[in-house]
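Report on one structure; see the data block that follows.
We just call them A, B and C in the order they show up, numbering each chain from 1.
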Amino acid sequence: MLSKPKSADRPAGAAEASAGQEMYDFIKRLFPICRSLTGDGVRQTLDIIKEHIPIRIHEVPTGTAVLDWTVPKEWNIRSAYIEDEQGRRIVDFADNNLHVVGYSVPVDKTVTLAELQEHLYSLPDQPDAIPYITSYYKERWGFCLTQRERDALKDGNYRVVIDSDLSDGSLTYAELIVPGQTQEEIFLSTYVCHPSMANNELSGPAVATWLARWILEQPRRYTYRVIFIPETIGAITYLSRHLETMRQKVKAGFNISCVGDDRAYSYLPSRPGNTYADRVALTILESRHPDFIKYSFLDRGSDERQYNAPGVELPVCCIMRSKYGQYPEYHTSLDNLDLVSPAGLEGAYQVFKDCLSLIEVNHTYRIKCLGEPQLGKRGLYPTISTKSSWRESRDMLNFIAYADGHNDLIDISRHINVPVWDLYPIVRKLVDADLLEQIQ
Amino acid sequence: MLSKPKSADRPAGAAEASAGQEMYDFIKRLFPICRSLTGDGVRQTLDIIKEHIPIRIHEVPTGTAVLDWTVPKEWNIRSAYIEDEQGRRIVDFADNNLHVVGYSVPVDKTVTLAELQEHLYSLPDQPDAIPYITSYYKERWGFCLTQRERDALKDGNYRVVIDSDLSDGSLTYAELIVPGQTQEEIFLSTYVCHPSMANNELSGPAVATWLARWILEQPRRYTYRVIFIPETIGAITYLSRHLETMRQKVKAGFNISCVGDDRAYSYLPSRPGNTYADRVALTILESRHPDFIKYSFLDRGSDERQYNAPGVELPVCCIMRSKYGQYPEYHTSLDNLDLVSPAGLEGAYQVFKDCLSLIEVNHTYRIKCLGEPQLGKRGLYPTISTKSSWRESRDMLNFIAYADGHNDLIDISRHINVPVWDLYPIVRKLVDADLLEQIQ
Amino acid sequence: MLSKPKSADRPAGAAEASAGQEMYDFIKRLFPICRSLTGDGVRQTLDIIKEHIPIRIHEVPTGTAVLDWTVPKEWNIRSAYIEDEQGRRIVDFADNNLHVVGYSVPVDKTVTLAELQEHLYSLPDQPDAIPYITSYYKERWGFCLTQRERDALKDGNYRVVIDSDLSDGSLTYAELIVPGQTQEEIFLSTYVCHPSMANNELSGPAVATWLARWILEQPRRYTYRVIFIPETIGAITYLSRHLETMRQKVKAGFNISCVGDDRAYSYLPSRPGNTYADRVALTILESRHPDFIKYSFLDRGSDERQYNAPGVELPVCCIMRSKYGQYPEYHTSLDNLDLVSPAGLEGAYQVFKDCLSLIEVNHTYRIKCLGEPQLGKRGLYPTISTKSSWRESRDMLNFIAYADGHNDLIDISRHINVPVWDLYPIVRKLVDADLLEQIQ
């Protein structure tokens, strides 16, 4: 994986352009499926992912105790609508699966408008958006609709039908372990529990799937653990089974979410803020996208909450494009296929590839000789000394000055103000000249 | 003591209003007494304090070696005046005890104006103020007067009379030990050696006395050591007897001085600047009075000098209102009963109560489960997930994220940007839910 | 050496004025000599230095392996010129030894202008400057001339003559060890390989020689190691023989270069940036020349490169006036006797004396008593207490507050915001009063 990444402003090459487009097409295919914490929507989604990468799918029965939580009932839904007195379906799950509050219990009755209002959710400030609402842990039923639709409701009776099941079943998740030369692991986590929304959250599974494809194709030093889970309860469930192992093996991890739009790059640190994952993320983002937004751990909201909890304390941070909760379309029907783009997905994919490439090649190095090596006799230094000859070889000599057996490539990059990937050819030349020793 | 302090801008409740007024009345009563390093003025003052709290009064004989110092002779004064040729008392100790240089030796003679001038002290820049001057360690006599009085002196002879004793006796101080559940101690020090001045220094003994009253009424974890001493030599004397014990037991201490006016809150750090006392003082002042003035240890001038000396090194800092040396009335007759106020005293009293309350409740906590606890099933989290549901429970979840067994409440308050007292109800709810474990 | 340095704006005293003038005269005498990495120019230079201080001169044979390098052939030159068709010497080494590329191999032939151009070096942007060019490690011949001279060359044939030897011989360097009370060493390094240039680099040998003279005259605690070497290969050679010893003994070191002009003071840190040498240099420069320029270690370019290399890691930094590479005359014939001045040399000399004086007197101190000492009984504190009496003794009491057995004079100077030399009389008074104990 030791290759210089393409520069940020390069014209997209054929391979990557197609990666962005492929991910976009993949999202388009998954978009209509009604995913939730559990149920067949998750299974369908994982089956499609399995067409691309050899994930293993796991089922965990309802009622299983997982850390402080319990695996909930499984929810499935066939149809749902609100019918007016004329029999017109004025709100229909078939049009948009956000119309039903997630985990709604079955209902089939006629109610007055006043009664109906108590079960309706809309956004006065975004009158054309259907909000995304769930009630996982209290049994409720409800419909979500645009404010305009709601305002148009007239007095009268309405038939409300939700043809759903909420019953014992299981929670479904998938895992891919890609073995490397060492048992040390890089951990990637994304979630598959959101219905028809694109940036949050089909972009995550898309980028994670394409990253896994790329990882499978590369020679690799580390073992990779990639998981596709329902948010929160899935992370809790997964940790209940693998925490011990992960605490021993995971060297760095990333929660992959909100990685599909064309706007900002965003970084949300781990709780300590200085784990290996943070150092990698920051060195790549600072060099490649120096205008990225740096959030606080207090701004967290996804599965990094679990991975950074006391006693769990995995080295996991987040790299995103527009962060959940921070863009207007978030958790509404406006987070749709127009919001994400091939280029947006491609950019995030490239940043993660840069991070993983760095992790693969990063080592602590020590120069083998005392004093500066004589670079000239190896063809690595100008043979004529002019006012500027030192400057020409500056990066290499600066690299050597900090290759003291304590600094890794990230440290050296920071010390000498050179993007980390510009160190890769220097490392190669010095290793070839037998001047550099790898310490860790 | 685990109770949310009232907000800074609350209307003063009946109890505290009377505390401020009571302290002010107490200062009024003590004001006329002529205190000095030693002598009956100190004894009278301590006797009045003893009407409020059960202090023990100690006498240390003149000549006792105390660290690098020696307890000085005891000074008492009955009367003093300057009489002109017409027999008019133009400067009289009976009017204001600042008129005599502290520790003046007896004198009774007639001198010319020229001779007299060598024994007069006034302030050209503050022509209506009598300065406060002492000569503890060299035998002198002198009078202090306003510049206007001095300018009005005419040529001629003057009779000067100081009816004082400077002779073997003792240094007097008082101590109150209030035992708690542990032998660890909180240390409060104030001084009682200043004649008729109000902010510096009757405010200190007043606030210390009322704090001691309050401490005595509370259930308490820590033992409290409260001392009333003459400044410098008293601190030296006290340390010469208790340093070993105090170095073992004192967890935090505050020098209480200049706590009576309505102006700024001030903070003067310990020498290291990061002791437990500093952390407590800063977290309270930053939340309650964010416009407080932060001095340097180089600005010190009171007994914190002794408590922070090399080899003593007690964790002692200062919280003040207008700091000694920084306000124009300092060490003059203008530092009088008009300068301090019930509200000024009350404000300082409240800040110290907040500090001591925090010390009493502060612990290092650890959340008992791995991963986030399921707050919903305990009624601590909204059951419906909307765009904003995370925000509603944010403080509690942030608390949990940092309750890792290493952070105390002060650390957590800083990490999550929440005033420390807003953590108290969170702690209570989590303890009640059996989710929180106290580590230290 | 414990004496208060003169203030920065003092009128130069007779002694120092003559030091500056003496150094300038010394530079004038050395200026015409053609120095290079090796050869008789170096030997002549060292012989003249030996007239002032008892250096020992060492010869290391060509071909000796030194760390990653090999001692090169010795180069000597007698004459060199370019003659036009009329037999006029249009470029002549006899006029300026910069006219020949350093380490040029012998040549004597007639060439066309086109051929000649391939061996000429000039500076289009500085048309009146002869550049300084060397080719130590590849055999070449060449001439350097002003751009104006070059532009005036007409088509035709030119005779080029360089009467030089490049053959087995030795590398010459000198060393002075001045023993002190301890075996711990202060290390001074300067270089003697530059032909006729003044700031870079006859100022370095001049200041180093006069410093050595001064060191020899003083009572001294430390042993001093002063070396005069050719740059880079000389440092490598010296380290190859003495690194083990130096790593054990050297407490602080300075590379002395570019110390002769009247412009800025400059500081270039060691690689870690916080060695003892850095602390000393910074505390002197910040107090004496607060407008000094602070470079990064990335700006390095002289023998600090070797002394700070991984595995060598000596505590060496640089104090300069106008730094190499940063002034327009650098490495050209404009770096001549007009660029340096007696005052410029004298200023740098004084800064180094201040640094060495500080190193000589610096210790970690501890006040002997607990609590503040009673300074009054020792005549070190005013006997009358007024509003301002504390301020008068502030520096001494602040010194005492930080004399805790952990802080050295540099630390205390920083803590209490007082120039380090203002602490010397305080130390003396407290030692005289038997109040201060030297810890390290």
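As a working rule, a residue touches a chain if its C-beta (ideal position, glycine included) is under 8 Å from a C-beta of that chain, and two chains touch if they have at least 3 such contacts.
Quick caveat: nothing in here was measured; it's all calculated off a predicted structure.
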Next item on the list: Working from the CA atoms, figure out how many degrees chain A turns to land on chain C, in steps of 5.
Entry: 120
Margin query: With touch defined as above, tell me whether chain A and chain B contact each other through largely the same residue numbers, more than half shared, or through different ones.
Written below: different
Margin query: What's the distance between the Cα centroids of chain A and chain B, rounded to whole Å?
Written below: 55
Note to self: Quick check: what residues of chain C touch more than one other chain, meaning two or more?
What the structure shows: none
Checklist line | chain A partner contacts - residues on chain C that touch it in the complex | finding: 67-70, 101-102, 121, 131, 133-138, 140, 232, 235-236, 239-240, 243, 271, 297-298, 301, 305-306, 308-313, 325, 330-331
Item checked: chain C-facing residues of chain A, complex -> 366-367, 369-374, 376-377, 383-387, 390, 394, 397-398, 400-405, 416-417
